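In what follows, subunit A forms one complex with subunit B and a second complex with subunit C.
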Partner chain A sequence: MSPTEATSDFEAVSETSLSKRERYRQTLDEQVLAPLRIVWSDWRARIALFVLSIFLLMGTVGVMLVPEPSPNQGPALVGAFRTLEHPFGTTYSGHSILSQLVHATPPMLKMITAGAVFTVVLGTAIGTVSGYKGGAVDGVLMTLTDVALTIPGLPLIIVLAGALQGSLSGNPYVIGLLLSVNAWAGLARAIRSQVLTLRDAEYVEASRILGVPTAEIISKDIVPNLMPYVTMNFVQQARAVIFGSVALYFIGILPYDSVNWGVMMNSAQSQAGAVSSPEAFHWLLVPMLAVVLLSLGLTLFAQAADRLFNPRVRARHTKTTPDEQHEDDEPDEPTPARMIR
Partner chain B sequence: MVQAIGGTGIAVGLAGCGGQQAASADDEEDDTATPQPENVEVDQSGEPKDEALTVAQWAVPRDSQYNVWNGKNDGEARRVLFDRFMQYNLSGQEYEGYAVSDWSFEGRTLKLTVRDGLTWHDGDAVTGTDVMIQLKLDMYTGASLKNYVDDVAEAVTAPDERTAQIEFAQDVNEDVVLAHIQPTRLRAKESVYGEFLEKIETAGSDEEEADAIAELQNFTDPEPVGNGPFRWEDADSRRTLVTKYEDHPDADNINFPKMEYLYLPENSQRWDALINGKTDGSATLFMPKNKLSQLPDHVRVGLIPRHWGMGLVFNLENEHFGKPEVRKAIAHVINRENVAKNSGAGTESKLPVEIPSGLTGAFNDEIENGWLSGVADTFDRYEPDTDKAASLLREAGYEKQNGAWVDENGEALNAPVKGPAGFTDWVAGAETLVSNLKDFGIKSQLLAKDTATYWGKDYADGDFALALQGWANYNQSYPYFHFDWIYASHDATDIWNVPSEFEVPPLDDPQGSPQTVVPADMVSDLSQATGNEADRLIQELAWVTNQTLPVLPIQEKLAQTFLTDDDWNVPPRDSPRLQYYWPTSWLPRQGRWSAKRE
Partner chain C sequence: MNYIVKRTAQAVFTVFAVITLSFVIIRLLPGGPADYLRAQLIQRSGGSLTQEQINQRIASQTNIAVDEPLYVQYVDYMASILRGDFGTSVWYSNEPVIAVLGPAIPWTVFLMATSLFIAFVLGVTLGAFMAYREGSGFDVGSTGVSLLTNSVPYYVIALLLLTFLGYRMELFPTGGQYASETTPGLNLEFVLSALHHGALPILSLVLASFGGWALNMRGNSIRVLGEDYLRVARLRGLPERRIALRYVGRNAILPMYTGLLIAIGFMFGGSIILEEIFAYPGVGYYMIQAINARDYPVMMGAFILITVAVTIGVFIADVTYGWIDPRAEGGGTRESY
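Take a look at the complex of A and B:
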């Protein structure tokens, strides 16, 4: 019996059979190329990618190219864009601000990655499981979440920062986690309520009837629907970690042993009163711009990512799906992909 | 000793130095200064251009209180509300009478005479009894003078209305005693503090006495009756207001009715306040060059030696830093000149220590030609010299592997430096010294802690290998106080773990075999020595410090002091009249800071 000659609906199989290679190509197209095409079609995403890659380059290649900041690299308090040697100027001790900026990037990237990944993974896992399973599981998980929600975040961070002085300095991952210590709870709550509506959707019900395992339903049917929201939260948490860490470094609560944007801003203000001093303003401005740019890049990325996880937009940008391939063969019959255009 | 120094002409050098420093910090020429005659006659005609002399304070004014024994929130306005026993002239290095107008040592007895006409703000005369109560309460709450008497209750007396006296149990070094007494402000009004003293002295047991002392220490006095030229008027969340007290003996020197202390808790706020004319002066404030250049023309900047500065203290029980060779090597690695330069942020207010010996006076040649005259060449100057540092480390059993120094067990020589993040000038200096150490191959990093956490926890618990701390005694210039700080203070014995004995070759035979010395005993001898004996002990202690480096003196500070001349008649900035601590409260008393009238 050829694959197309099905006698009953339950015996129907795909009209086409794909070789391994074709399947890989399709996966690549769906998972990598389509998102890239989507991203490239959106100006916000292009800017976001540009900004984020600059910071990634600074944090990886930059630290190898730019010398480590040290006192007396240059004369004291050179303004920005005055010399080629120190394009962003120098501090009172003659540190090159470019060196400080670049060498402060890797810890910052580690910090925001740790904080955002922790929040999103924990929040999504607890939210979906709790919402999908319901019952006792839901009860226990939501009690935990509510407990975490009632803990006042900032005071807790300040107290923990004081208590964990030793393990904090020099470990950006721990600082990232600390700054997001209870941010997952809000996300878990919100996701649970979305899952409650999704779990009764027809296609989820269908999967359940077909006996698809719970883990697979959650990962294939439910989570993709939540991805825009999750990504937005990822970015929001990343920004919260940037602002939180810079603020806490600026007011001197977090201990530090290496250069950091918040510490740079603190030094600029406390050592030179940079806010009201034109001679020293660059010292404050450069790290401030770094913070603004990085969070702008992340925000734009989140907006673009909304389209990235939209299955319809994605389908439009995929070139190897059967729907698209068969478009010419059956011009009169509307395909699902066409209907949603 | 006072005479001995006065005779060497250091006074001139000091004043000249201050002026020169100030001129380089600000382009204004000295001839714009208001000429002031020797004997001032303060203009009282017309109205003052500015009614209130406005300065800054660190603490919330409403929280301020004025019981000095309470130890908390001592209000900044104390500087004009209460008179000091004596004044110390830094350029002449002399004590001048003030609330105690006259004093004399007769054998082992010190007689203190109260200034004529000095009254409390409620009209009561200031008496010998007030002075006695002040001295006794100081001693009961731990002042060092207690160590020189047998029984406080009997040793300190008030023989008549205007005299108080102390009977010492032993011979004393008069400079040390006067240095203890001079900065004391007279707070102890008999009607307020008499009962506390009585309770302490009539206590039946040690426990009762401790309770009585605790009671004194818990008492708060937010609206004090003072004896200075200004009386307390009001304090809110923003400022403390004090008004002129017309019956003060110096009232004729003051021609403006009020002083205000504004709440400005950050250096940067104080810089802007001076730049915007919100404050009329500041007794001591670190201001970097870029801010100095923003100051309007009518602000004058003077520099006053502080006999104090940032040093590196070691935990002497640390396996590495307990070894003198390692400390000496570190001294050779750190470039003190660069550290002082970066710490000074473009100003000349930080001077590197030339001979690390525990003696202050980097701003003139007081160390080499004064205290160490004749022996200065014997002392090690610890100039930056990495070869010497390397050979010292090898001597102590260290070797360099892959660019890093390791000990006999192959463990890295780790030298983390802890410091208070809020002391921004120190942080800038410490970054520099840490980078010196790293370049040399010693593993090091600066751990800047929140200022309160640093002083209250890390430093106080001795939880450090290397830490930043002042290496001399704040506000004292006589070497006894510095050596007392380095060898006998609580910080030295309990925090840095300074051992009681050191092995040092004799000063007159630097290559000779080391001998055991007990610096704390020498310090105690110095407190009782006079003349040549005191000079010799000072040199010996300086030698021990130089050869063992229990602390590493790095820099000495000159306090920047700010005066304005738009509404005020003030001395020129190179004037020896500026060479007193706290010129904003001292000069008005002398008629040297008066309002312009119109």
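Take a look at the complex of A and C:
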């Protein structure tokens, strides 16, 4: 003990002191490195990061390296893995499928981002306000949510796309929003029930007594606790946008201004009958593999990200904070990833 | 009882909301169906139709009398939809929409109900076995397969099945609902033919969704297996069969029942794409045809029918949930997902 014995706990001084640099290093370690280490410690996450980086690279660097698709890049309907020049083969009109695949990636990433961000922001906002405010606001918002939850998403999107045929543009951001038109409802419900329990937590009550404004309580005390749900839903909606956009482009009812995996599948079927003729099958198969691979990456990422928000797993991977107790067995609590499919 | 009344009110409200939404889409969307029909009529007639005649045409097709005040249009539209009058088709030589879509409804419901049932039963059974053999090779393998199939969209599976089983091996028909030489009715040939034609669409949905159910069931069962009441049940010497079915099975399935609510909507959405791929004339097939032909009355009719079907499905699931799980009577259990 120090010579100046503290008389009460309030006068106690920390026994160790941190320099500014050490503090920065600690923050960096807790906020950035620990999550990365957690992610890296899981094989699923490693595969996920690998797959997702491939697509990110395709969407950024790949677009510059691979020439834009144009007719007669090669002979018509070269099979996949036959020539080095056109590794994935060519289409009926001689487009290189690799070029199409790569140049379809950036619009897809834009669509995903728009749709997932929209869903997460709207779902969190409605769920939080509804749960925290309660009363009439809650009643109205939840009635709306229930209706939005019951209306099946894909038919609604198809009808909107059909009704807007004349005025809808192929802008990927707009398509992303359209594909997420009622996806916020599920998240809003989940968030609301979380907020209902958090609302009465002691530390929230303390903030309220201290006179902290409602907006600040919601943003500082409540929303950080909802991150697992938000992340899960972000990933899920990303998947939903991929599935939905490719399906609707394949069916041919969405407008487009650039190549898309679904458009590729559509032309493979409509121009060369890829389902029934083996010579054109690769044209259909390559974009389908891209969809499956990207969605598999996202699924695995969601499974691994689940662990990011588990404080115990997190503490174990932080190096600068003193070890408390190292529990080696994983706590088998119900985590959002397991509850939300 | 109160619970059922509340859920019924909610279902009725949803139907009203959907019809309202469809009114908004037809009438108020800029560049939407009403505007398109008007432009089309003016262009086709070359100016020979008077304003009044045009309005009359639009009214007979969409049930919306555009020259009335907006609230009258709305009330009229609502009334005619509730009477089962969905307007007249533009594409199918002015037949009433219900005559086009009506015969298609049972086929879509048949596809969806069968796939949902098979996927659920298969997934739950597999998940339970995986949980009982947790950590074994069987468990790891099945988890991998479930994760993988869960990442493959149903339409990709559908296209692969159609290519290989339909065209290359010619094991299954590549379109239609039943062979044309059979007579619809309760005879063996017809039923077998219908099953043969429905097999691939059903298989696509089952393969794409059983993995999700299995993973869900596995997680729930493992959680239940760790509960104290299970240890007590074992100590009481209850037969293993009873424990597995009554104690583990029941408690693990309950939380998944709400997942059914979401699955019903998902399945009906999926039916649209699948029916198009397999050229299976259900509601979704006509919906896509209608969109491509700009036959808006049929499109909106299909949308309303599908949504009402989903609402009824969700309603049934909701009400029976309160019956299966007595705790739900208190309300508020819907929040559990």
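One rule holds in what follows: the second predicted complex is superposed on the first by the 247 of 341 C-alpha atoms of A that agree within 3 Å, B and C clash if a C-alpha of one lies under 4 Å from a C-alpha of the other, contacts with A are read in each partner's own complex, and residues count from 1 in each chain.
The working rule: a residue touches a chain if its C-beta (ideal position, glycine included) is under 8 Å from a C-beta of that chain, and two chains touch if they have at least 3 such contacts.
Computed from a predicted model, the values in this text were never measured in an experiment.
Contact with both subunit B and subunit C is seen for A:V275 once the two complexes are overlaid on the shared chain.
Contact with neither subunit B nor subunit C is seen for A:V140 once the two complexes are overlaid on the shared chain.
Judged by the touch definition given at the top, the superposed model places A:L28 against neither subunit B nor subunit C.
Of the two partner chains placed by the overlay, neither subunit B nor subunit C lies in contact with A:A201.
In the superposition on chain A, A:S193 makes contact with subunit C only, while subunit B stays out of contact range. Legend: residue contacts after superposition of the two complexes on their common chain; A:L77 is shown touching subunit B, with no touch to subunit C. By the touch criterion stated above, A:L36 is placed in contact with neither subunit B nor subunit C. Looking at the shared chain after the overlay, A:G162 reaches both subunit B and subunit C.
In the superposed model, A:I253 lies in contact with both subunit B and subunit C. Of the two partners subunit B and subunit C, it is C that touches the larger number of subunit A residues. Shared interface residues of subunit A (contacting subunit B in one complex, subunit C in the other): 162, 165, 252-253, 275-276.
Subunit A contributes residues 143, 146-147, 149-156, 158-167, 186, 189-190, 192-193, 196, 243, 246-247, 250-253, 265, 274-276, 278, 281, 284, 288, 291-292, 295-296, 298-300, 303, 332, 334, 338-341 to its touches with subunit C in the complex. By the touch criterion stated above, subunit A contacts subunit B in their complex at residues 70-72, 76-77, 92-95, 162, 165, 169-170, 252-253, 255-258, 263, 266-267, 269-273, 275-277, 279-280.
Of all residues in subunit B, only 266-268, 271-272, 275, 288-291, 293-294, 338, 342, 345-346, 416, 421-422, 424-425, 427-428, 431-432, 435, 438-439, 445-451, 453 touch subunit A in the complex they form. Of all the residues in subunit C, the ones that touch subunit A in their complex are 10, 13-14, 17-18, 21-22, 25-26, 29-33, 36, 147-148, 150-153, 155-156, 159-160, 162-163, 166-168, 174, 212, 215-216, 219, 222-223, 226, 255, 259, 261-262, 265-266, 268-270, 272-273, 276, 284, 287-288, 290-292, 294, 296, 299-300, 302-303, 306-307, 310-311, 314, 334-337.
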